[in-house]
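I've put the structures underneath this note.
Here chain A shows up in two complexes: once beside chain B, once beside chain C.
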Partner chain A sequence: MDELLEILKKIKPGVDFEHETGLVEKRILDSMSIIRLVSALNNAFDIEIQVTDLVPENFESAASIMALVERLEDE
Partner chain B sequence: MSITALSFVVFIFALLAIYYLLPKKFQWVVLLVASICFYIYGGFTTIIYVLISAACVFAATHLLQNQANKTKAFIKEHKAELTREEKKAVKQKSKQRRRLILTLAILFNLAFLGVFKYSHFFIDQFNAVLSIFHLAPVDNTFSLIVPLGISYYTLMAIGYMADVYWGKAQAQKNFLKVLLFISFFPQITQGPISEYNQLSGELFKEHQFTYDNFSRGFQRMLWGFFKKMVIADALAPYVTWITTYYDKFTGITCIVGALFYMFQLYADFSGYMDIMCGYCEMLDIRLAENFNRPYFSKSLSELWRRWHITLGAWLRTYVYYPIAMSKWNQTLSQKCKKPLGEYASGKIAATIPLLFVWFVIGFWHDASWAYILWGFGNAFVIILSEWLSPVYGRMKTALKIRENALPYRAFQCIRTFGIFTFLEIVAAVQVLGGNGYQYVWRAFTNHTLPRTLEELFPSVEGLGGQFLLMLLLAFFGLGLMFVFSLVQRKKPVRDYFNKIPLFLRIVIMVVTVLIIVSSGVQASWGAGAFMYANF
Partner chain C sequence: MKNILEYFEKTVKAYPDKIGFADASREVTFLETDLHVRAIGSALCACGEKRAVAILIDKTVNCIEAMLGALYAGDYYIVMDVHSPGERINGILNILDNPLVITDKDSEFVATDIGKEYLLYEELVQTKIDDELLSQKRKTMCDLDTAYILFTSGSTGMPKGTVISHRALISYINWVTEEFGFNEETVFGSQTPLYFSMSVTDFYSTIKCGCTYHIIPKQHFTFPLNLVEYLNDNKINTIYWVPTAISILSNWKVFDVIKPQYLKTVLFAGEVMPTKQLNYWIHHLNPAITYANLFGPTETTDICAFYVLDRDFSDSDTIPIGKACDNCDSFVVNSEGKLSAPGEEGELYVRSSFMANGYYKNPEKTAEVFVQNPLHNNYPETVYRTGDIVKQNERGELVYITRKDFQIKRSGYRIELGEIEAGANSVEKVKSCACVYDKKADLLVLIYEGAVKDTAVVLEAVRNHVPAYMVPDEVIRIKEMPINANGKLDRKALLATYKTL
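On to the complex of A and B.
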């Protein structure tokens, strides 16, 4: 989780990612930052996020992003 | 069939009666027959192209679904015998086959769009190359009957096929239902560009008549007609007059012309959406929304999330994400990491697909260099603001600007509207055969102040005093539109309207109908056609 929070803070500094639960809804993460995030996650966790994974539910909070990463690590 | 014509109004109300009188299970069939009638009215031949497109979509989605089902069944049957790697290989092979089917089907649909919408543009470019070598040009004077709504239904068809490919949607087994999805008449000429799962859910369920749907839908439709016929059509002759002969007018008149163009564009396009969304509400069908008070946006990227929403959403899902996530884009980002650093490489991975998306948006709007440049102009502003966002952040801190302060928000809205107006008016004047940059230059350098009202609002040739009267009505409409936009922030205007006593509501609606009908004379001015229908 710490590694993910590091990545998120690099992409959007100044956001309380530990507690924020509306990252997409509040447009803290827009499509451009999601692409940067995906690129960073693929590298850091050696996973392959697919286009079909790019749904708001997967990116609303640090917890939901972590759940996506863990699911893809298991596959 | 023009949707501002009396014949259209008769058509939709007759359809409404049949739709609710027949058994519910036939409601989608009624919509299909109505959509086919709508097409045939616009020219019999164009329905053939829609049928071919629907047949292609039907076949492709079936092949995609069968391939996916077969793979699933095979893996399930041989679960015990197959290793993890073997399962992966089977899935990969199936994916390759499905990708081939999808690619061929998309190319087939795009070929139609290319021939009908872009052949003149491509031949023009080819002739330009030929002229360099002093060779005779190819004939480009032929005319093609462009199938009604091809720009819209092609995108919907591609979206549906991609959804089946990704497993987001199930292939529809009934060809006629696919045909209805592609050709549903309320959205065929100007969108919204609906996703299959959303629209099919609405189209194929059974619908119950309710007074609430009927009255609220009618109110929205009436507001749409008002926006189109009282505001947009009254501004249209003035805007055409100024943007065509801008070199005769003062700078202030050019600015007024540009502002009117923006109001006309919004009233025209969103008016159409209100008419169709309102009508569909009367049918108990919810169409996707295409506007959310776009001129109150604080940045250009926000504006594009609130203007033609379904086009933006379509491009994000089916163009931006697939390109951004593609192996070559990710590899490029990786290669840039070492020389440029992590921040810049991440930005590059997000920016290159955006440039392509904006090229598509520009080219989709019009087969001209003016609109391709317009697309890149939008991209330039959006990318620059994204790349410079850390600098803006530091500037705001240094200047002690509070993000939520009303003056700052107002400044952001005005700035965004100004940029959007600049991009739009340049493209619009270029397409009319003028020079958009000269127009803008004149607007800001010709400081001659208009001495009379006539100089500020020059009468359009052939309209006389009637023009000023229509303009006054349009001003009243613009005022209403502004107030409604402010009210809409909290909840729909209709929620407030329906609290008024019934008698007063009826009087207001009757007066609105009378104003709309009396404004119908504008059709003789050459107005009446919808601006976005040309795209």
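On to the complex of A and C.
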């Protein structure tokens, strides 16, 4: 989780990622930051996020992003 | 023809019951739009002559109707980015001469926050239509009247307003609709914000040709599967997007999963189209689709040169910007002020009715770039210097090389780094700062020197000063800014050193 939070803070400084649960809904992460986030996640966790994983629900909070990463790590 | 609304009136007559405009929450026929805009126009007529109408409404049908309503009253409009900070909105409102502000219930809080008086869209559309008053207004107008002003980011930190007349708008729309054969069967999926010059093309083409104009919800560009479903659900056959938006679908290889079924015309402009990403579209979609690269500044309404793809390009090739549009003379001038020879680099100049009248209340900037034609001095003839360096390739096509100055473009937005720096410099203890753009990584990086330990403080100051698309991706504090031989801040060195930080 710490590694994920560090990535998020690099992509969008100044956001309370520990508690925020509306990253997509509140437009905190725009399309450019999502693209950068996905490529950072792929590199850091050695996973490959597919376009079919790219749905709003998976990106609303650090917890849901972590759940996605863990699911893909298991695959 | 002297007023762009004449096209609207023809379209209303020809296709009254056709859906003209649709957003996420509603769709309207041309006739419904007509009734609303004449009501708004009648209300605004009572507010004075040739007023600046600032529209604080998100990209919705409401916003479109407010724009046309302002034109009916003989006013000119300025669409504002309701998501930008109050400081910037006020900055633009303060430049304008006694503006009227229109907002709607959804964005009313923005108008309240900045403490300006405003008119409410929902009330304006209830006004009784006074056709006699509207036609009197029209009689006093000519095609040199201003239709709208588009504000772009200015180098001194002050936004710069490009003034576009009805004549420029009509001339440009005549070209673009004829060149690409738009008609009542054209269905646009509109991506660009209404405060951005590219938005003029699909919107006013719809006004002229009776097309259908769908406003794509912004969120779809983050989640590309939803975007393609949206294109198919609405049978969208024509798009005019910034390359960044087009590339999203390529980078995700979305067409391996789902394909747009109805596309016929794919146009792009606003920044350099990466060929690799475009090739993904070309190789995965219907080969009958027309692709065209459009090129031009806000100061020529939208576009001054274009290239319709007629051959294959490898991923490392550059797509040309082609040739001048009809009724628009685009020519290349070398450093000696003469026409460039084929293959010789020079600055792109434009001589056309597409040209803006100049910048609002900014005679200095206007005189810098709206200049006497350098090729002759026989009579007054104003041309526009684009500041873009281009050359002609061996096929006689124009090829874009770079911007003459530091101005950068990102996702189609023009960004003056100086405006971001002005925000950071507003923090008391920031000693020196510079914003650099790492093109390769697509990162906007703000670097500063000074006794402000928390970079978030500087970021917050910038956030309050500029719209979201200009907020830096990284803020870095360093001990000492590099200085070059002339004693100026060394941006090149800064870009190199930041990468090692």
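The definition used in the following text is that the second predicted complex is superposed on the first by the 75 of 75 C-alpha atoms of A that agree within 3 Å, B and C clash if a C-alpha of one lies under 4 Å from a C-alpha of the other, contacts with A are read in each partner's own complex, and residues count from 1 in each chain.
The working rule: contacts are C-beta pairs under 8 Å (C-beta built on N, C-alpha and C of every residue); 3 or more make two chains touch, one makes a residue touch a chain.
Treat the numbers as computed from the prediction; the structure is a model and nothing was measured.
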Which of chain B and chain C A:Leu41 touches, first, second, both or neither: neither
A:Asp30 touches, of chain B and chain C: first, second, both or neither? both
First, second, both or neither for A:Pro56, with chain B first and chain C second: second
Touching partner for A:Ile65 - first (chain B), second (chain C), both, neither: neither
Touching partner for A:Ile11 - first (chain B), second (chain C), both, neither: both
Chain A residues contacted in one complex by chain B, in the other by chain C: 10-11, 14, 30-32, 35-36, 51-52, 54
Touching residues (chain side chain B, partner chain A) in the complex: 166-168, 301, 316, 320-322, 324-325, 330, 333-334, 342-343, 345-347, 349-351, 353-354, 386, 393
Complex contacts: residues of chain A adjacent to chain B: 10-11, 14, 30-33, 35-36, 38-40, 42-43, 49-52, 54
In the complex, chain C residues that touch chain A: 218-219, 221-226, 244, 248, 251-254, 256-257, 411, 442, 455-456, 459-460, 463, 468, 473-475
Contact footprint of chain C on chain A as seen in their complex: 10-14, 24, 27, 29-32, 34-36, 51-52, 54-56
